[in-house]
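In what follows, a single structure is set out as structure tokens and then discussed.
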């Protein structure tokens, strides 16, 4: 991606990332560069299942949301990003003290963008790829979004 | 599905459904029959994005978790269910006061099960299909699960 | 879908369906109604794997192509349909003398359409759901397609 | 992957790859190493759509089949590999004289394996990533496969 990001844009995306359900889940934006967005979360009991494993929904939400923000890094600030669909494979059980998510844009179309998200389980002495997702996104001019059409 | 469910099994699944991250999200089990599991959630501000729409991660978590419990209704109680992967399409924006999820097993293999989840947006006067997911699940004997292999 | 289809449109879609790789695969259009397209194929040895089962790629190609034509039934004839992505689950092995595919539009957006395809294995005495796919499609005005942008 | 491959195993996989529908499609095995399998095809008119683009089904079949053989490189020769499901995103239109596919195992479980396939469009002066797939596979002992259960 040849685009650059202003400090203002980075600050906006960082703060925009952490609202609503994402704030409730405790996800935090981490590194933001053109075409790439990373995030992290400290795991609490309320992120787990009854058996102690981190819930698949936590990883899926993180993969989707972070992918969306990786798309924000390559579009003009007049665009909103919507998730059209995603697919996620759970590769290893996650049970560590935190998760890190790394999302990368692999297709930057004018309207359709595709990003991949890797979710890492942060265990005591290692960082294990726990899930991988492919996310299809759409860039929509903000003024048309009020009509909720895509 | 020719299997029947005892009242004890239904009570167990209902209570088992609502723990950890799922309790934190406020999802509740609803109707439970062989091969089918439904759930619902009353939407709060913390389920939404900054723009007021219900977050895709809420729908994805509900679709995955409810699909897993639809699989629980067709396996023996000595089995645990794991999500191998899922794919979800977001069909309409969701902004209502609640969501309902209906999950149905479409493949009941000895080890590999597949379920579909439909997530409905409960608006004032209508119920709109907001998302649809396909979830691939694995039935694992509980005693082998401690080894975390699938 | 409230749209109707002229006889000319149906004849055009039927003949348009059966070209290039699809003709090479022997797929034939079957019933065409608004929002729904079905197809079929007589299975030859060249559709099978070494073990006699029908190749997953045959089912995937049929599911994708027929889904695309179900989308054609709900857009104006000035639009071309492109596949953005699809996901397919293989539910049962297919080994019969033919396959039938039924595709239905489940989201008709102005630009983004979603269709589901069910692929049935035509065995001696039964018709078995062998695979199910979800296909995300894009409607693009024909005049812009020459620029190959989506 | 720490496994090594004997020359006999490589020769077997190369020849096993090219049968039935795959031979009909003209796909050829290319490089075979532990955890990785590549393939290629020279494009003919019968691989294309009416508009000259290579059909999505060609890319999907190649992505699925090559992923399956990448899984064969990491399992014992007493196992057969089955596709449980796959998802493919079409990133760029493909219209070149050939395709190359590179498949890599990203999860090597005892039963469940996951591979990624990248399909490249071989154009005059460049090699463009045209499609990317994630494929979930199952390793099944050959002697149980006759029962067609997974």
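Lettered A, B, C and D in written order, each chain numbered from 1.
FYI, a residue touches a chain if its C-beta (ideal position, glycine included) is under 8 Å from a C-beta of that chain, and two chains touch if they have at least 3 such contacts.
Keep in mind the model is a prediction, meaning the values are calculated, not measured.
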Label of the chain whose CA centroid is most distant from the centroid of chain D: B
Comparison of C-D and B-C by number of C-beta pairs in contact, larger one: C-D
Centre-of-Cα separation between chain C and chain B, whole angstrom: 29
Cα-centroid distance, chain A relative to chain C, in whole angstrom: 32
Distance from chain D to chain C - Cα centre to Cα centre, in angstrom: 22
Where chain D touches two or more other chains at once, by residue number: 84-85, 87, 89, 114, 134, 136
For the chain B and chain A complex, residues of the former touching the latter: 16, 19-25, 45-51, 55-58, 60-62, 64-65, 80, 82-90, 93, 145, 148
Partner chain B, residues of chain D touching it in the complex: 84-85, 87, 109-112, 114, 134, 136, 138, 149-150
Contact set on chain D toward chain A in their complex: 87, 89, 91-92, 106-107, 114, 129, 132, 134, 136
